[in-house]
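Which chain is which? They are A, B and C, in the order written, and residues in each are numbered from 1.
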Amino acid sequence: MRRLSAATAPRLAQIVADLGGELHGDGAVCIQAIAALEHAGVGDIAFLANPKLRAQLATTQASALIVRADCLALAQERGAAVIVTPDPYLYFARLTRWWAARTRKPAAVGVHPTAVVGERVQIHPSASIGPYAVIGDDVVIGEGAILGAQVCVGDMAEIGAFTRFAPGVRFLEGCRIGARGLLESGAIIGGDGFGFAPHQGTWEKIEQLGAVWIGDDVEIGANTCVDRGALDDTFIDDGVKLDNQIQIAHNVHIGKHTAMAGCVGVAGSAKIGAHCTFGGAAMILGHLEIADHVHISSASVVMRSLLKPGVYTGAFPIDENSNWEKNAATLRQLHTLRNRVRALEKQQNPTS
Amino acid sequence: MRRLSAATAPRLAQIVADLGGELHGDGAVCIQAIAALEHAGVGDIAFLANPKLRAQLATTQASALIVRADCLALAQERGAAVIVTPDPYLYFARLTRWWAARTRKPAAVGVHPTAVVGERVQIHPSASIGPYAVIGDDVVIGEGAILGAQVCVGDMAEIGAFTRFAPGVRFLEGCRIGARGLLESGAIIGGDGFGFAPHQGTWEKIEQLGAVWIGDDVEIGANTCVDRGALDDTFIDDGVKLDNQIQIAHNVHIGKHTAMAGCVGVAGSAKIGAHCTFGGAAMILGHLEIADHVHISSASVVMRSLLKPGVYTGAFPIDENSNWEKNAATLRQLHTLRNRVRALEKQQNPTS
Amino acid sequence: MRRLSAATAPRLAQIVADLGGELHGDGAVCIQAIAALEHAGVGDIAFLANPKLRAQLATTQASALIVRADCLALAQERGAAVIVTPDPYLYFARLTRWWAARTRKPAAVGVHPTAVVGERVQIHPSASIGPYAVIGDDVVIGEGAILGAQVCVGDMAEIGAFTRFAPGVRFLEGCRIGARGLLESGAIIGGDGFGFAPHQGTWEKIEQLGAVWIGDDVEIGANTCVDRGALDDTFIDDGVKLDNQIQIAHNVHIGKHTAMAGCVGVAGSAKIGAHCTFGGAAMILGHLEIADHVHISSASVVMRSLLKPGVYTGAFPIDENSNWEKNAATLRQLHTLRNRVRALEKQQNPTS
């Protein structure tokens, strides 16, 4: 991150005044940057969230530290000013937002003169529409919403208050997103679902007449796609976080506060619960159900409904290629191997 | 989908007049929406394609039903008007298209004044070019073609009649698509293939001098990429359907009416037959051949040519994480386990 | 590729004069196209890199051939003119670049009148900025750089000399790329990393305050994403080549000349060495380290650090679905099977 000059840097006491926490030491110290504990130097603020990394406190050069109460003494030994808080990682998250709000250039309020805006559009006067944006007819854009350069919004779409679209987002006809959302560049909301009826060896298109409904506080990553529903809407509930390069097919339902890492794919009509997590490149087949509080490991393929909370995994363990070749060859005969074991058991214990 | 008011809704008899089928019951009933059988209410038309779901007929509130002849009696018991047809799913597909044609706003014919159009471009007067589109030199755009907002078309590209590009499609230099195609937002046709010659530990670029050739009736999903060929063209034959987030590398050949679900990847120079299907996230390695009528399950990796029609699968079965850990550990020793079984067999049957 | 007419085609001697190699035969022959050896005809130049394909020399119709010294006699038997070089594939790579430089239309120098350019921007007079590009404030664009149509460059970004962005690239705030880079359409550099602090069942955003640092001679494929770092920058060193649809998460470090095929995913803070290769759809989990000269096979999942050079693989072998079903069922009991083998061993050899 860019370092602030000492002249423009905030003082620690200002951070504590805004974000809370218990200040120990010199509140007048200037904070020029946020840094990772192992790299932090003079003028930096750093945090310790994981007690296992407590040893890093012994050598840090940070001017200020965010720690739990049990690390206060250790942190003070370094001569740093200290903020004590029960959840340093959460404090760090809030500090990054505080920092961004102070240092990022605010978006220009109003509609850029090059934007093409349709008819009967309601744009809140505090909203910002960037250059070369294209807004369809009958669109509603809420208070403080920020639509970046080259965004495209389809007819009848609705965008909630303080929602932000990075440059190049496509948010197509009839789709709806609530408040405080964030769509990264290249995200495409409302492309056609993949639906065809087979007919004499060819595929006849099923027009996708539904849309996409997205709740409040949803984040959708770069180049991620959420398809419109065939008849009903695809549904992304409040607080869902989707990373980059994700594919959400038509009529999927994702419950509140579920998070998916990059490259995940979800096939049509899958119904995913709340508070789930999906590791990168997990794949979920269609027309199945996943309960609340299910956690899927990276690169695992969900082929059946998972109705019990828990952690599920299914990835081939990586190995040196020569070992893999031998094991993979045996794997292709695994059923036979089991039968051979059964035969041995029968032979050894003929009466069992 | 958006419901039509009773005033604007079509009558059932009109649907039958246009799409065929055998009408039983009141053709004057107003059809305000198409709905799934289990959700359908008064004013809705629904279909029953899967005879296993026949029980849903008993409780549906739909005003009209599309069924096979063997379900006519059951459908009529509900008091609904009925269309009898040998393939209700196909009828449904056609009904969605009929519906979309009646209810979607037609694209504005002509070239939007903000579009930048190159030299010697032939645009059919019935075609539609959206705002901020950029069209290169020597491009040909056919009758009734629709290019959405912010589309980019490279020099010498050709776009067939009635082909549609959603907003933000990039269709690059020298590429060609036939009639009645559909490219979803963010699709990129004609990016460089990934080709390099290794040289003293670095990579020297091989310029990709081919293009992409796409036949008629092809659909390509959102954020899907089809790379241009190194020397010859990458080739997508008639009727191919590609879902979102797919990667087609240079010089791949995909045969007629093959369909691929989201997140599939196909490496360079793979030759894929006609009438194949690929489940989501299937991966196909390069320089291999897949016969016609091969079906690859989701998340399966094709590492060798498959010259026999059939269904092929290769994905690790998902399990509770604790089970997976035990099984994965054993899998890494599978070859050894086989040897142990062999040793037991030898010991038990020393003469065999 | 497009064939040149005999009138505009270069002569072989011209190629040799520019690219070197030992000319045997008629340097006056016109070269109208580069072709694969098996398809080459009169007027074409082809190469033989793989000695195993030497038999193709016996039947080629190519007018000119690029071969190693040990194939000279065989090549001359066909009556073709011959370029002898120790590395025909490298020669071919250079020939494609020579060809592209001669035949591709050069980009228009200067800033297209429709481009929106911010304040305090330094654009080298030899650079080219395409229609509807949007360039933020305080951007630096080097000599000979080419930014295609509809590109978006964020504030304070830096783009090195002769670097090219295809149409629709998004290169966001504060990111930096060196000289001679190439970004394909839809590539997104500097989207937010995926970082949240859990809080009472919801996710609190960690603003991503770092950027992306990209060295010289880097190629990034279509629709590939490289996220900005949380605090420090995501780092892509010189000579790295990334194919399409790749996801590089925040704070990843990729060493010099490493290459990744399409659909690869790399999770946050992974540290990847130099001169590595990754097959398509390989997945690398976060916070791990991969040494220099590691080669990961397609569709393999790296779940732990790999500190030793070598080839690593972990993909489920594909099989006919019926076989897979039996083997997969057994795999879910593999640990039990091992215990059964152990029991048999114990029973058979009670004292061991």
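Quick notes on this one:
Here, a residue touches a chain if its C-beta (ideal position, glycine included) is under 8 Å from a C-beta of that chain, and two chains touch if they have at least 3 such contacts.
Here's who's who by UniProt: A, B, C = UDP-3-O-acylglucosamine N-acyltransferase.
All figures in this text were calculated on a predicted structure; none of them were measured in a lab.
Counting the residue numbers used at the interface between chain A and chain B, under half appear in both copies, so the two copies meet with largely different residues. Rotation angle relating chain A to chain C: 120°, from a CA superposition, given to the nearest 5.
The mean-CA centres of chain A and chain B are about 26 angstrom from one another, to the nearest whole unit. Multi-chain contact residues, meaning those touching two or more other chains, occur in chain B at positions 132, 150, 168, 186, 223, 245, 263, 281, 315-317, 319, 329, 331, 333-334, 337, 341, 344, 348. In the complex of the two chains, the chain C residues touching chain B come out as 1-2, 33-36, 39, 87, 89-90, 92-94, 96-97, 99-100, 105, 112, 114, 130-132, 148-150, 166-168, 182, 184-186, 217, 219, 221-223, 239, 241, 243-245, 257, 259, 261-263, 275, 279-281, 298-299, 315-321, 324-325, 328-329, 331-335, 337-338, 341, 344-345, 348. Residues 116, 132, 134, 137, 150, 152, 154-155, 168, 170, 172, 174, 186, 188, 191-192, 194-197, 199, 201-210, 223, 225, 227, 230-232, 245, 247, 249, 263, 265, 267, 281, 283, 285, 296-297, 300-304, 306, 310-317, 319, 323, 326-327, 329-331, 333-334, 337, 340-341, 344, 347-348 of chain A touch chain B in their complex.
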